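The following blocks contain the structures, represented as structure tokens.
Next, two complexes with chain A in common: one pairs it with chain B, the other with chain C.
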Partner chain A sequence: MTVVFERDDVQPGTHVLAIGIGLYDHLIGGPETMLDNPFGLGQLGSPPISAKRFAEWMLTDLHNPAAELASVDVLISSPDQVTIDVPGEGSKQVAPATLANIQEAFDGWLARVNTDNGNVAVFYHCGHGLESTDLALLAQDFGAPGGDPPRLWRNAYNFHRTHLGLRRCIADGQFFFVDACRQVSADLLEFDGGDVTSLIEPKLRRTNTDRNAPIFYASARDSKAFAKTDEVSRFTAALLTSIEGNGADRVGAQWKVSNESLPSAVLKRIQRGNAQPDVPVQIPTCDGEYSSTSFLHVLDGAPSVPVFVGSAAAQAFPQSARLEFRRGQGVVATSPGPGPWELEVAAAVYDILAVDDADVIGTDANGWVMPAEYEGTVA
Partner chain B sequence: MSELRVEPLFGPDESAVVQLVDEQLSVVQKALTVDSGPARFDVDEGSYLMRALWSDGRRTQQVVEVASTGAAVQLDAPSDGPPAEISTLDPTAPEAIIESATRHSDLSADALWQPQSAPQRAGDTATTEAHDATREQIERALEVTGMVLQGPEAPTPSLWRRADSGTWEAQPLDADAETVPGGVDVRLSVGDALHLVEVRSGAARQYLALPAEQSIVSIRSFAAGSAFYTSTDVRTADDDVEALRGYIQNGELAVARTLAPEVMAERFLRSKVAAPRIAALGAYFLLRVGDLERLHNWPDNLTRWKTWLPDGPVIAAWQRLQADQPDYDEAYELLLEAARRGPPVYTEGVRLLKNGLDLFANDDEEEWAVADAVAEIDRYGKAMNWGKSETAFFGDAPHRPRLGARLSQRLLGYS
Partner chain C sequence: MPLVFVHGVNVRDGDRYREGVRSQRELFARAGLRGLAEDPVVTHPYWGGLAANPRWNNASVPDGDYESFGAEDDVAATLEESVSSWPRDNPIIAIAREDFPNAVDVLWTLVPEEEASPELAEMGARTVAYAEANRNPVWLQSVANDQQFLTQLQINVEAWQPTGAAAGTASDDAWESFGLSDVWDSVREGARRLAGLPGRAAGAAVVAVSRSKVHGHVARFMGDIFVYLDKRGDRAQPGPIPRNVIDAIESADAARTPNDPHVVVVCHSMGGNIVYDVLSHYRPDLAVDVFVTVGSQVGMFEEFKVFHNSDDAVPAQRGDRVAKPANIAHWVNVFDKQDILSFATGRVFTDVTDFEYSTGASVLGAHTSYFKRPSFHRRLNERLTEKLQP
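Take a look at the complex of A and B:
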């Protein structure tokens, strides 16, 4: 295990376990003996980058006064050695995400989380997933020969049963982010998840019935998640952008990201992306348990909100037109052109105007720009 | 502080979540129904954005000025235009249901399906576009899920009913059906029993549980080469329930949490005679958000009154497991009773039944005889399309689920 950051003086605190797997020893293109049937799965470029990005964001940007960052454990499997930049401590190498390492890291993470019910548990996994009745997340050494008796699924873990098993975790706030395909293959007809290890066994008694345990999936069941090789995945990018921006609600005098405010922001960002040309359709979903509200992050100021404004004017606006967001006497943001306009602006109440030179040629009657996104019309 | 009073001007069939947004963009929301009377907000003098999220999915908003003496606003439901479409995340979601239906006594493939290759009339671009849209939707579904039915023939629907003995009986499919570009919408009304719609293309078969007493089955298909690719969706004919499901799917959980009890209360009360499946759907949501108090004794009533419905005992079991003082013995009996009744109507029910049995199978303190029930539910689990809200599985017959049955044997090259 690689605990890259730990503070003993934070209680309750936020405890992060981040796993990213791009190197699969026994799948197509891997360095070791290939599995007889690799399910068509090969090496991935994005997960190491995505997991590193996720972990480093948590290290540098997470802010939750009620549960400040207390520990970050990272496992990343990549052909190249991966380091995590820890503020004030420099770069730290991380261990590969073999199943043994995942289990050890999970046990340590759970022990830290289980010290206070005010702790916030954050679990992130990016890599290959296969799903039938349950979702199996594959470790770097999935498909390794041997074992007594030999078991194909020895080096994968059952995410659904792990989530169910974490009813035994006392932390009331538990956030799960699964950035993986969840495909069913005809090759998996006999796979039901029962043969796949759970990182914690579900138990009947002494469970936490007050937990908020949302699961954010990058893809719906039986579907794919996407990333460009060597870039942060679509889901992780949308997730982090939402956490630091439009996934927040105004609570008292602060903007806070919670299990209730975050889902629609992530879903909307990916849905908007699906509409872009040449972008494959990705279907993120949210699942899990929501008994009340748990906070993950508190913003320093107003969140940045995606804004989409169209025109309902009888005649198209001239090319020299622009959209202005005015607040008081000042222009806070502008976007050039005759529309439609897309931009991000800080949440606030604005006068939204279409302007040509100094002339106002259109007005949006709404102007209350707030998360998760704003759609307006200038007429 | 001043009082903003929002008075409902709409009828008893409608309800809304009223969100009041202040200039700092804090949101306070309350449910509003005729029965509950005016919604009252204690606010400071100033401007507010009042948003209404209607139970049928429409959204309206207006800016309200509140004086130091307070303000009153009458809120009426939007009167024109179709309900705002709650965008689901399913790329195969069918187009708008055509309400004007024709009674079909013959639901054979020849009667319902126009071959995709049929010549279009000159200038009939709308139809062509609709066909293309259907094809595109299914191709997307194929690309991202691969879970559509693939067979050598145009699909035909049929109906199955589970008898008290536990056997499945074929039923005549006497339904209102509307042929639409690329497919057909079938309106089905069913009574007290588990019902499955079978959609068949050659040897390939898919089964879908009917989620309501009045359901709409949307079947879309296109031919490519020698194969027909078919996507089937089932939904309730209840706009309020569909809107609630849309809010949940879109992650608007706070809205759904506020709206669900209002939408479901009436249906729970009606459920004794009319809408047990929909009552179960609402109960699943309340269970998920931990609102056990709102469930009252409805799950027990569902279990007792609707002895054919597996979802009632599933929910009642989890109500006990989630309680501060869990009653394991009763939960165990209820889960076994659910398994005896067949596959739950909703996918959430299958998941909860599976999870519940899993917990008993792993109990450290007592042996529980759940192996047979686990095996039975796993048979369905392996063949299910878990992405559907309603239980949907591929198989050779209602009691023989099999994932490979989504592909016809001919397409797989077995014969």
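Take a look at the complex of A and C:
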């Protein structure tokens, strides 16, 4: 395990376990003996980058006064050594995400989380996943030969049962982010999730019925998650942008990211991205269980909200037109052209106007720009 | 480019037919017409519903339950369409070591038709091209089981650069997915159907289930021919089957565009006889750029003079042949010597090119397997390219 950051004086606190796997020893292109049937799975470029980005965001930007950051444990499997930049402490090397390391890190993370029911548990995994009855997330050493008896699934873990098992965890806030494919291989139709290790065995009685434990999946069951090979994945990028901004709701005088506000923002960001040219379609979903609100992050100010404004069907504005967002006498934001307009503006109530030179040529009758996104029409 | 596919006898509507049509469309569009059509539009006029309808539901066929195969029998019958023998253990390697491209055809033939997709068709064309260019790759001798074979096939096909193609470079913009390749998963799903299938030695007696299947097919084959000949009408009043086919070719003719100016009509088996009748008698005004008959009996029908346009006076002397209809610019006839229902045409008609295509199938299986095979579509593409882009 690699606990890159830990503070004993924070109670309750937020405890993060981040796993990213791009190196798979026994899959296509891996350095060790390849599985006879590696399910067509090969090496990945993005998960180490995505996990590093996720962990470093938590280290530098997470702000939750009720549960400040208390620990970050990171496991990353990559052909190259990966380091995590820890503010004030420099770069720290992290251990690879073999199943043994994952289990050890999970146990340590769970022990820390289990110290206070006000703690917030954050679990993140980016890498290959395969699903049948349950979702199996593959460790770096998935498919290693040996074992007595030999078990193909020895070095994968059953995410669904692990999530269920964490009902034994006393922390009321539990956030799960799974950036993996969830395809059902023809070779796995007889695969029983019971063959796959659960990081914690579920217990049926006397569990934490107060927990809020949403699962954010990068992909719906039987679908794929995507990334550019050398970049942060689509899901992780959308997740962090949403936590930083439009995944928040106004609570009193603050903007807070919770299990209730975040799903809509993440889903909408990825769905909007699907409409971009040359971007593979990805269908994220949210699942898990919650009955009340747990907070993950508190913003410093108003969140940035994606805004999409079109003109009424019959309306054709001149090329010289622009869209203005006005508050009081001031113009807060503008977007040039005759529309439709796409931009991000801080959440607020605006006068939204189409303007040509100094003339107002259209008005959006709504103007309440609130998360997760705003759609309007100027007429 | 409009392509009309006219099916043969013994075709009836249902989920299996529709999935087969979808799969065929992808293979025609992605492989058969590759590089020839800006907008490949493939249509399948269906005339099976107008054909024979046995009033006692084939009660005259001994053991008339020939359609109720078990899954294993179905796979055996499918495999029999491609090879005459296979071992129980690791049959794909055995087939590949004997004839590597045929093993690729077998794999694609086994893919369930509901898995059809443009990507699967594209990969089929690429894989068979790889196999034909590398008939005995080094890795084929080192793989120990079918799973390893499939893994190495995927790795090597994806890494392969055809001769003359620009070398691929790793792109910074490449997308990766955190899961399976859908195409290869479909291929593996097809291969899994072989698990547990008993082996079969070359020359072994045909399985009983195939015999009853063929018996039933022959009954419907004859019935469909009888119905067509009896109810085909004449030029003034075409019967329902020629009317259906005429409509499809007319639509294809109307769909020509400056960028896709050619009409191709591909026919299987009895479909060739129907279209020949249509183009030679009912609608000699309808122009077709390439007429492709596959596993068809046009030559045999003409020998027996059963077409409307058949002229008993031909041949008047040795060497005489029937002139190819003028509205057919090019006629390509494909037959497999193993297919007892396919016939050559070159010694009966003028200006027809006969091509032998070996499905590698058993005598009983050859007739039905042409259009499932990526290698067939690759050959078809070569022939169409010769004719349309000389």
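Here is the rule we go by: the second predicted complex is superposed on the first by the 376 of 379 C-alpha atoms of A that agree within 3 Å, B and C clash if a C-alpha of one lies under 4 Å from a C-alpha of the other, contacts with A are read in each partner's own complex, and residues count from 1 in each chain.
FYI, a residue touches a chain if its C-beta (ideal position, glycine included) is under 8 Å from a C-beta of that chain, and two chains touch if they have at least 3 such contacts.
All values reported here derive from a predicted model rather than from experimental measurement.
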item: Simultaneous placement of chain C and chain B on chain A, clash or fit; value: clash
item: A:347 touches, of chain B and chain C: first, second, both or neither?; value: first
item: First (chain B), second (chain C), both or neither touched by A:37; value: second
item: Touched partner set for A:218, first chain B, second chain C, both or neither; value: second
item: Which superposed partner A:368 touches (first chain B, second chain C, both, neither); value: first
item: Partner chain in contact with A:264 - chain B first, chain C second, else both or neither; value: first
item: Residue contacts with chain A in the superposition, chain B compared against chain C; value: B
item: Chain B versus chain C as contact partner of A:280, first or second or both or neither; value: both
item: First, second, both or neither for A:127, with chain B first and chain C second; value: second
item: Overlapping segment of chain B (options 8-16, 224-232, 278-286 or 314-322) - the one that collides with chain C in the superposed model; value: 224-232
item: Shared contact residues on chain A - chain B and chain C; value: 183, 186, 219, 224, 280
item: Residue ranges of chain B in contact with chain A within the complex; value: 21, 23-27, 47, 49, 61, 63, 87, 89-91, 140, 143-147, 249-254, 257, 288-290, 321-324, 326, 328, 354-355, 358-360, 362-365, 378, 381-382, 384-387, 402-404, 407
item: In the complex with chain A, residue positions of chain C that touch it; value: 144-145, 147-148, 150-151, 154-155, 170, 172-182, 184-186, 188-189, 192
item: Interface residues, chain A side, partner chain C - complex; value: 28, 34-41, 44-47, 126-130, 179-183, 185-187, 218-219, 224-230, 233, 280
item: Chain B-facing residues of chain A, complex; value: 131-133, 161, 164, 183-184, 186, 189-192, 194, 201-205, 209-210, 219-224, 249-253, 259-268, 271, 280-286, 289-292, 302, 347-349, 366, 368, 370
